[in-house]
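The structure follows.
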Amino acid sequence: MKRICVLTSGGDAPGMNAAIRAVTRKGIRTGMEVYGIGHGYKGLIEGDIRLMNIAHVGDIIHRGGTVLKTARCEEFKTDKGIDKAVENINKAKLDSIIAIGGDGTLKGALELVKRGINVQFIPATIDNDLGYCAYSIGFDTAVNTVVNAANGIRETGMSHDKTTIIEVMGRNCGDIALMSGLAGGADAVLIPEVKSDIAKIIDKIKEGISRQKKNSIIIRAEGADISTEELTEEIKMGIGEDVRTVILGYLQRGGSPTALDRNMATLMGSEAVRLISEDKPSTAIGFDGQKVTLVDLKIADNIENKVRADLLELVMTLA
Amino acid sequence: MKRICVLTSGGDAPGMNAAIRAVTRKGIRTGMEVYGIGHGYKGLIEGDIRLMNIAHVGDIIHRGGTVLKTARCEEFKTDKGIDKAVENINKAKLDSIIAIGGDGTLKGALELVKRGINVQFIPATIDNDLGYCAYSIGFDTAVNTVVNAANGIRETGMSHDKTTIIEVMGRNCGDIALMSGLAGGADAVLIPEVKSDIAKIIDKIKEGISRQKKNSIIIRAEGADISTEELTEEIKMGIGEDVRTVILGYLQRGGSPTALDRNMATLMGSEAVRLISEDKPSTAIGFDGQKVTLVDLKIADNIENKVRADLLELVMTLA
Amino acid sequence: MKRICVLTSGGDAPGMNAAIRAVTRKGIRTGMEVYGIGHGYKGLIEGDIRLMNIAHVGDIIHRGGTVLKTARCEEFKTDKGIDKAVENINKAKLDSIIAIGGDGTLKGALELVKRGINVQFIPATIDNDLGYCAYSIGFDTAVNTVVNAANGIRETGMSHDKTTIIEVMGRNCGDIALMSGLAGGADAVLIPEVKSDIAKIIDKIKEGISRQKKNSIIIRAEGADISTEELTEEIKMGIGEDVRTVILGYLQRGGSPTALDRNMATLMGSEAVRLISEDKPSTAIGFDGQKVTLVDLKIADNIENKVRADLLELVMTLA
Amino acid sequence: MKRICVLTSGGDAPGMNAAIRAVTRKGIRTGMEVYGIGHGYKGLIEGDIRLMNIAHVGDIIHRGGTVLKTARCEEFKTDKGIDKAVENINKAKLDSIIAIGGDGTLKGALELVKRGINVQFIPATIDNDLGYCAYSIGFDTAVNTVVNAANGIRETGMSHDKTTIIEVMGRNCGDIALMSGLAGGADAVLIPEVKSDIAKIIDKIKEGISRQKKNSIIIRAEGADISTEELTEEIKMGIGEDVRTVILGYLQRGGSPTALDRNMATLMGSEAVRLISEDKPSTAIGFDGQKVTLVDLKIADNIENKVRADLLELVMTLA
């Protein structure tokens, strides 16, 4: 009988619970023993390991966050920490680890793989900044959360004839900003990957004002090359009107996962169990919009993330 | 044939459109001519007056904001501004004004009344800070918006074992904080009307941590006696853990109005038209939770707003 | 030390969990032992009694349904059943019962009171058909659920120029239909308490069509004097166009409770504990829109429910 | 200057408005004249053609349904009807038609193509039953609507220990049922493409009951090989308990489109304009989950739709 464990690490993302449910139930029902690790790699170091059963993952598919809890773990970036984790894995006689998380979690997984541990990796980060796969768990939910917030903000902005800047998450990756800007009918989007052209944005807002559209929405990823404060100041001066600012913050992590995030998580969780049952090597599992994709975990971190910079232009064309 | 006009002034509030719809349609269907003023008192000064018809208010009952637009108007605080408005009212031969807004709008209405204009006032402010009535349009929607945000924030906080401080609107009035704190299962609430007891809040959070509840939620009205930054710092030191902060901001003004806000707005809008058709004097219309209430507009502004400070204690008892 | 128990009976209603939480936590924190009964009166008969602690009611305030579960119980309508319940109450040495539910639950509570049991009753029914109080837990949520559904249905109806009939809950009471009709901008509402005037409804729809509004919404309470099938047929013939029908059904019971339902439930749950701690007699607790109200439980069931039939006319005036 | 027109035909789908907005604005801003046809092919026959401007499609991206309205049109299935449409297209000197809709709309488009008209086709149907592309506009929104409804239904079912059957749309295609079943944590799903195994479903429900999970959810596409009534009856007998039924109906067409549906619609609308500007032949545009895909319109209707029948098994494994 195979013994596997599942953990969530790094920032939480809506849909992680659907992946935990899929791993646990498919694992148990295909004859495995499934263990849950509390608080990600931190729990692996501290030996926070519990046996899971079918009921443990009941009634969680619709819940945001992660029932296994998560943490950022500095100790796991040290050899000592990782060695301690490997020791615990071996002590618990675990055949394989299913690690769910983002970029940092993938890096941690690679360290385990280097030490001979079999790891199946499932991408979960609202930032969607993993280069080896098109979608990560939580991204679709986060985009919808931003779009819904933008809807409400647009209505109050329209009532007052105000331009509003919305700051969204994305330190290195503009995907949330880009996709929520496109879906929210924003007038411009600023992302870390592309140099911002403030003059062009001001012209766009002015063009809107000239046709009586006085409630422009600008979406700025937190990693863009101009701060929210500076951007606000420049636009204020540029258009000669007051400008509102909203920083969405942790709001973007919450919320019941969308159907897509749940289904992607379910399919990838199920695939992870299949890979283990068939004794496959460590894999970075992905989702391309329709189906599960597989990449050797050892090279997954080297694949650069691409942003669809052409969409920045489309946002402006359509606003 | 009576000629009436409707305007929305001050901060927008979800449900204003339902009131505009009720005034317009009931007015027209009981034989009145109904005019809409753009941008509140500012439009009254500038003569931004348009004739409304049944179709103008179609498909707006579910929309946040106000289709008549609103503004804050410094000029209307001067005699010159008010006189200009009165002149426009007389020029347009308007028998009565229906003014929809908050505290500032009520004060403006009183100035018009002093100059012999008949004004029916409908309370609409998410802050719910009008003393003469229990509910104002937009408050229920804003509270639900905060509660939904708090739900999501709680899930991510739980995943990371983090305490989170949520800053909500309310410069002078703690109602949004209090009612969303009670409904959101917050651990403590800070409001402008009551001196904050930070030591007690820290004890409460620690008590939670001692029974493994590590994701406390603290809701702070923006007018509370300690800033969000200071509060964050003090709690961080008090509990010896990192603390998250979310400032909801303009998000709280947006969103499709709840059924209660729509119905209250509809009943009050309908009542305003009835009062005019029966040649009643200027009235501050209100809603007590079930039915419309009436107060002489001249004294409405003198009635002090009360906060249910006993609920602060209940929040902590139940957390 | 007082020993109290809490149960939910009859149809579930969103917000019941907030009441259970308030009773449990306030009870324990004011020095009581709190027991939960599973499946309402059925559990009382079967002795399904468990001791509650603070953690049992954590993370439930936002959840629909009832964690104590509920049931309709025929046996509790017989002397034998009630006597068995009384026996269990006495065996468990319970000082007081807090019963949460609708009309049937109130009747059951009265039977217990007649046998000398102290009962504090909290109204929870989406139908809002209890005469002694203005609001019951779950009603506000159900109305908002219907209004949101109606929003979506209106959009598809508008795209196809179709009239749609929406059947909502309410066998004896038209409150859901009335309040969701008013808030949803329905063109007409049919309720059990008032004889339907189909010809007038058809005229109203035709009037809309004549001004290019071809997507009328008619809301019919299930207890209205004409069935959904007949109504559909008559309107179809009357307007000479196809008519759509949607039966919302159990959808109306679900959903996360609104802030109002949670707060009302919390205040009433808290009040129930206070009444017991002060040795008050059996009481039917209510909520009038702002604050808790109290009625002698023995007479609560005799107070007739009133419907605001004047609103039927207002719905049509404003559509 | 190119003259193009856009129409929506067949059943409406959330996201159609985002496509109309993209076509209109990108068309105008790349130097085209854009016309909108009312009520789909019916409007083409009747000459219901209007010139569009930038403002016409403002504030519609978030709205369900279609501002151009839609219809099912029997006349367009006749040569006479199609010839009349072609005549109107030529009279209006339209260079190209952008047709947005489902299977019937695609068939209609093919007839126009056969008569020498250039047509760019954009898939929009909540059923997702077009074989040539993976996603159609509206599908993601519909699945999320069903999943949200299922969440609420699950809570009330859990409170009463009841199994519930939810009937969803899908006469020929089980995609809504399958994807919402997977995301909603359903216990079984019945779809038109696969023979139903009622005995297996009953065993699954019983297995749940044996471990105290008494609120199973069964999702049945309307085109499955056993009716909702029969299914209810068989399950009722099989498990020896009462079973609830909910028919979601037109509710599934409504609702603000999800970010994915808006973005897909926007990208495809934008692509349609590009194809026309580059004088490309008639194309069936699609979306594969990430990016736009192109298929010769003449063969698009011959590509068979595939259902992921393996997911039926996964639903049961994970429930």
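Structural remarks
The letters A, B, C and D name the chains in turn, as written, and every chain counts its residues from 1.
Please note the rule applied: a residue touches a chain if its C-beta (ideal position, glycine included) is under 8 Å from a C-beta of that chain, and two chains touch if they have at least 3 such contacts.
What you see is a predicted model; the values in this text were computed from it and never measured.
Steps from chain B to chain D, minimised over paths through touching chains, total 2. Shared contacts of chain A and chain B, meaning chains that touch the two of them, come down to nothing at all. At the interface between chain B and chain C, over half of the residue numbers involved are used by both copies, so each side presents largely the same positions. When the CA atoms of chain A are superposed on those of chain C, the rotation angle is 180 degrees to the nearest 5. Chain A and chain C, compared by their mean Cα positions, are separated by 39 Å.
A straight line joining the Cα centres of chain A and chain D is 28 Å long.
Between chain C and chain D the centroid-to-centroid distance comes to 35 Å (mean Cα coordinates, whole Å).
Within chain A, the positions touching two or more other chains are listed as 151, 158. By the touch criterion stated above, chain C contacts chain B in their complex at residues 18, 21-22, 25-26, 29, 54-55, 58-59, 61-62, 134-135, 140, 143-144, 147, 151, 158, 179-180, 182-185, 211-213, 256, 258-260, 262-263, 266-267, 270, 288-290, 314, 317-319. Residues of chain C touching chain D in their complex: 8, 12, 14, 16, 39, 63-66, 69-71, 145, 149, 151-161, 164, 244-251, 253-255.
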